[in-house]
Amino acid sequence: MSELTLQERRTAASVRLEWGLVALGVLALIAAPFFIYPIFVMKMLCFALFACAFNLLLGYTGLLSFGHATFFGGAAYLCAYAVKAWGWPPEAGILLGMGGAALLGLVMGFLAIRRQGIYFAMITLALAQMFYFFCVQAPFTEGEDGIQGVPRGTLFGIVDLNVTMNMYYVVLAIFLIGVFAVWRIVNSPFGMILRSIRENENRAISLGYSVGRYKLAAFVMSAALAGLAGATKAIVFQFATLTDVTWQMSGEVILMNLLGGIGTMVGPVVGAGLVVGLENTLATSGFPVTIATGLIFMVCVLIFRRGIVGEIYARWLAPAADGGDKG
Amino acid sequence: MKTATAAAVQPDGDQDVPRVVLSARGLRRDFAGFVAVNSVDLDVHHGKIHALIGPNGAGKTTIFNLLTKFLQPTSGRIELLGTDITRTSPAKVARMGLVRSFQISAIFPHLSVLDNVRVALQRPSGLGFQFWRSLSALDELTPRARELLGIVGLDDAANRLAGDLSYGRKRVLEIATTLALDPKVLLLDEPMAGMGHEDVGTISGIIRSLARDRAVLMVEHNLTVVADLCDWITVMQRGQVLAAGDYATVSQDERVRIAYMGTEHE
Amino acid sequence: MSEPLLAVRDLHAWYGEGHALHGVNLDVFRGETVTLLGRNGVGKTTTLRAIMGLVRKRTGSVVFNGKDLIGLPLHRVAHQGIGFVPEERGIFATLTVDENLILPPVVAKGGMSVDEIFDLFPNLKERRNSPGTRLSGGEQQMLAIARILRTGVQMLLLDEPTEGLAPVIVQRIGELLATLKKRGMTILLVEQNFRFAARIADRFYLMEHGKVLEGFAVGELNVHTELLHEVLGV
Amino acid sequence: GEISDGKVKIGILNDQSGVYADFGGKWSVEAAKMAVEDFGGKVQGAPIEIISADHQNKPDIASNIARQWYDTEQVDAIMELTTSSVALAVQGLSKEKKKIDIVTGAASTELTGKQCSPYGFHWAYDTHSQAVGTGGALVQQGGDNWYFITVDYAFGYSLEEQTAKLVKDRGGKVLGEVRYPLGSTDYSSFLLQAQSSGAKVIGLANAGLDTSNSIKQAAEFGIVAGGQRLAALLFTLAEVHGLGLQAAQGVVLTEGYYWDRDDKSRDFADRFFKRTNRMPNMIQAGTYSAVSQYLKAIDKAGTDETEAVAKQLHEMPVDDVFTANGKVQADGSMVHDMYLYQVKKPEESKKDWDYYTYLATIPGDQAFMKAEESGCPLVAK
Amino acid sequence: MTMIFGIPIQALLGQLLVGLINGSFYAMLSLGLAVIFGLLRIINFAHGALYMFGAFIGYLLLVHLGIGYWPALVLVPSAVGLFGMAVERAALSRLYRIDPLYGLLFTFGMALVIEGVFRFYYGVSGNPYAVPALLAGGTNLGFMFLPNYRGWVVLASLIVCIGTWLLIEKTRLGSYLRAATENPELVQAFGVNVPLLLTLTYGLGAALAGLAGILAAPVYQVSPLMGSDLIIVVFAVVVIGGMGSILGAIVTGYMLGLAEGLTKVFYPEASNLVVFVIMAIVLLLRPAGLFGRDA
């Protein structure tokens, strides 16, 4: 590498540590199902992928979508329906979910992209609420009950997903591929343009970039990856429900990002793990879930403002951590 | 009428027939009942530096916005290199070679200085949408970026965050970014504002050399610079063209003196 | 004229970790117009901002009218009688020109009335109901100065007030500053336009690398041409 | 031994923080613990343990918890299961995992219908019993034309549908219905529509806070004073208590249990009150009954093995504080008498929690669907 | 009888009136939210919780101290306002300089905690709060029976909304606040005590929520859940009205009540959706909302 930009130097300073941690993380995930309840880890992985997909948009493009549940839940419904009603194999179901999410993303993005900031968020929210309404009313979603008992099937006709460990490693693979995709997109020439649009949109236009198209492309990519996460979740839990298309779900993924650290690669994963873990532990603890969650958010905002990972970056890894305090 | 003179009075014995690269006819823009620009005709020639001056609020920036399509004209017609761009998107116009700088400096504050320039180089190189390649794909742009930074004297700051530069150096950076696009027509909105004397000299030099094979339209209040640099001057007042000509002509114009230059300027 | 109205001693300021001022010392006496000169990025703006308290991280002393401003909450500073016109003008987009104009609270008697101000800047009067940031760059600069004139402060901190202004307006502002000076206003000016500064200033401070390099009166200009040339390129 | 993992572990899974948290909530957990204590804390020599979780009314959360309980916590049976979507999801899972579930908190007849399970039981009430109870009784009393205010999801529909069918079967008429989204807070618009329909009875096909708010606002708009009757199709003591007699007076409702019914029920209620400071409703008492019966079944079967226990549950009669003459049908439905009550006027109430006037008993075989009609594939034709 | 779309006009009038009553709550709540957002750039997700808090304080005052509705009308907003000010001082004031998202997250957490605590102690089925004797009963308007209390709600909310609007738009205070949202440091450098101003503003917004809460207590069950779903609707109202536009929030609040009222007649299933449909349409056509000045 002949020239190091500032960004790259920052990374260079911590790159070995970071890669080391990532490798450690992957190893931990490979070993995890032997120590932790695998279904729980799979849930974390699905949400972590969802959070990463969202981060692609918020952290690296500066677009705050308040409607991402549409893609997550929409893909889950599509996949669950295709697999259950039409007897599609799981891989086809997941791809369909992902494609459907991308399509929904295209429509929502197309409408929302002309607006900025909070207005962008609000249009996505409004459209997501309409999609929610559709899901409540449409017969195929089976209303409150959701699509239950989705068969896991056999992947490519060989891997029996009913075996928990098989399912686990498939989910892990999907997760890793998804996260790699986000990483690649962010650290690509395209990602560079996204970043500059986030920084100064007018300037990017005057440099000749059709900003709308870049944003839309990022939006669709993020939607597709969110869909991948949602469809996978539907297969894992054999379930697609309204929960996944509510605005609270859109909110939850924002929280995961904020907790973990916006604009960092690992942050959303940590955030998702934390939120999911918390929900799980507290559900059976007798302590009111909401109070604990609320307190954690408050404390995080006051103390770990950049999110947990963002804060670690900022304090120990680099003075000029990117993105932690802006959105 | 003014344009006719413009063509006729082209100075110097340039071999080239002076080529109009950007022209506007009957340009008008209203803001909620207020007419900011009113029936303005303008021709910008290849190889020339054209100044747009006038008192504050005369509509200069608005004209820039209209020409670069950041604003839609209420009426009128704009042509760039013989193509009608009256209804074209700003990004498209930029790709066609009409690039502007902003009055308030426009950079990407959280990118490094080098990356600021590379982002600009990225577009013509077609690397914009490549989301599957690694960032090192951009390394091929680095030498050119360095070169451009060298031209404006920012090579020592290549790795600093652009946002940490002082105001003046930010403007210089903006010019470097603009250069990266190798534009055919360059619109500069007060490029010297907020700059020290030495920098003014540097920038003047850069602009002069740039104008050799492209057209430059600039807004500038520093009359010394205008006198020194510009081949042709359009003076605006209250949205309209008040006078046009070379510096000598314009500066003798009584109306211009009253409306703009003041009494002190010789 | 024994006690300076504003005395800055060993003023240091930081942006995050970046050390921007390295011990600035300067005095401004009552009724005087003093100009800070220096190339881009030497810390002129920072000096003004640090005096006002807009740069949080600062050490040293800033004594105004016998009172140390360091340690005073930001909103108390103006009430000591200092007005600030920032480089980026700070016009409020959500306020109309009128509202922008009457925004800063009057801190003492003796300020100009709105009518007087409109006489001085007829452009503003014409656009008084537009949102502030819809004004052209130059109009915004006028508004930024105009609104401070209402407040009755004894001292003005002006950061590049002529930047981006048409020569007629620059001339007008020159006259305005002269008028203010006659009325006894004390002015600390940051200016790139040396010719403009030379015409109205009583004294100069030349800054470099976050420090004051040299101070001299207008009469000593010719003595320092060498230095000015070297540092500023004039 | 005979008892898997050396202990019997029962999971109480319900809403402990959401709209139905008073319906069963943590008080159901308390009732389950009472059942265990009353049983002596041990069955077949093995300790009995109760664990509980809050499913927040989300079927996916519920099925995750249930799965985790079955997979890693050695839970033998899951009970309560407020909200139909949750109950259906968990029952599906339990069937797959061959585990017993006893639903006391959900209403859907699907549980013992198309989606019935050989190991699934439906205890306290269902939409059918509510429809027959409240709907049937009111038609009999001359309330022969109805207007429904229905919450817009499966539970609301089936409650409305079954009641409407009954009303029509018995010669009544349905003048109209309005379906509103779950969680609405203002019902005045719907109440006005119901009012102007001129119907004699306004049927509230909803539950929980929704019902409370509709009743409260009906009082405000003078609906009952204007001569119309309010039939709350699913309303229990807990909500009446929350609403207060002032607003709730006159409402007709059906419950499978009322604390002041007989000595047995009063005795249980008193003990329950000492622990929780409130009287149990049919969900909580039903949970007590379900846990007790399950333990008895294990005791009788001599093992906690699912098939064996399910067989006992199907065979054993139910006779406890909840009901004296319950029996379990092949579809898993526990058939028992239901009671029609009217909420007292404030001045009629003699003591705390004295809320109901008894109107009628609906015999079990009328209140609940016959196994053959249920559509449950397990029922041999 | 005259009919519109198959509905007698009288009935429709009744429905519109009922819509207007709901609109009163929307208006008051969105007003508070708009004040807070417009001036502090904080999306106060705790607004619904503060509203619930207000209703609960009213209820607790009645039950434990025997303090009735009329004194509560003053005490409750003051208490919620003070609580808001304390929160602003202790926490929110540290969040102004950063992305509004953090304010949102914090207030969201706060809402969860407030709601959670009340849920924990009071359950969810709610507690009754009687209509004050003075306003009990109703008036027959010919086309409908209007509970007197609801008439009072409309009146009270109109007074409060107009009063607040005048305070903010027509006084110097308003321009301070608006300027302070753009560039708080500069306003402070002009000599305005911005931190105090912001504290008071949040207090005012919270007090408005509390007031709406006590006004709502006799209408709805006083339940910990009463505010939780409201926030998103009220926020949509603010956006439709134009963020930061006080007038916009008020007018849109009433309008939404009406629109919702009509939906409840013609397509009741969608009555929760209508606000989002309106929001999407408005934002696509008028990016800055109905009353917003475009950025």
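All chains are identified by letter, namely A, B, C, D and E, in their written order; residue positions are counted from 1 within each chain.
By our rule, a residue touches a chain if its C-beta (ideal position, glycine included) is under 8 Å from a C-beta of that chain, and two chains touch if they have at least 3 such contacts.
None of the values given here were measured: they were computed from a predicted structure.
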| item | value |
| --- | --- |
| Shared interface partners, meaning chains that touch chain B and chain C | none |
| For chain D, the least number of touch steps when starting out from chain C | 2 |
| Most remote chain, CA-based centroid, reference being chain E | B |
| Mean-CA-position distance for chain D and chain B (Å) | 76 |
| Distance from chain E to chain A - Cα centre to Cα centre, in angstrom | 33 |
| Distance from chain E to chain B - Cα centre to Cα centre, in angstrom | 49 |
| Inter-chain centre distance, chain A versus chain D - centres from mean C-alpha coordinates, in Å | 39 |
| Where chain E touches two or more other chains, by residue | 116, 119, 269-270, 272-273, 295 |
| Multi-partner residues of chain C (each touching 2 or more other chains) | none |
| Junction residues of chain A, two or more chains touched | 288-290, 326 |
| In contact (per the touch rule at the top): chain pairs | A-B, A-D, A-E, B-C, C-E, D-E |
| For the chain A and chain E complex, residues of the former touching the latter | 64, 111, 114-116, 118-119, 122-123, 125-127, 129-130, 133, 137, 247, 251, 254-255, 258, 288-291, 293-298, 300-302, 305, 325-327 |
| In the complex with chain E, residue positions of chain D that touch it | 17-23, 25, 152, 178-181, 183-186, 188-190, 192-193, 196, 208-209, 212-213, 216-217, 220-222, 226, 238-239, 241-244, 246-247 |
| Chain A - residues contacting chain B, complex | 1-9, 184-185, 187-193, 195-196, 199-200, 202-211, 214, 217, 221, 320, 322-323, 326 |
| Complex contact set, residues of chain C against chain E | 52-54, 73-79, 83-84, 86, 90, 92-95, 99-100, 102-105, 107, 131, 151 |
| Residues of chain D defined as touching chain A within the complex | 16-17, 26, 51-56, 58-61, 63-65, 67-68, 71-72, 83-85, 88-89, 92, 96, 152-155, 181 |
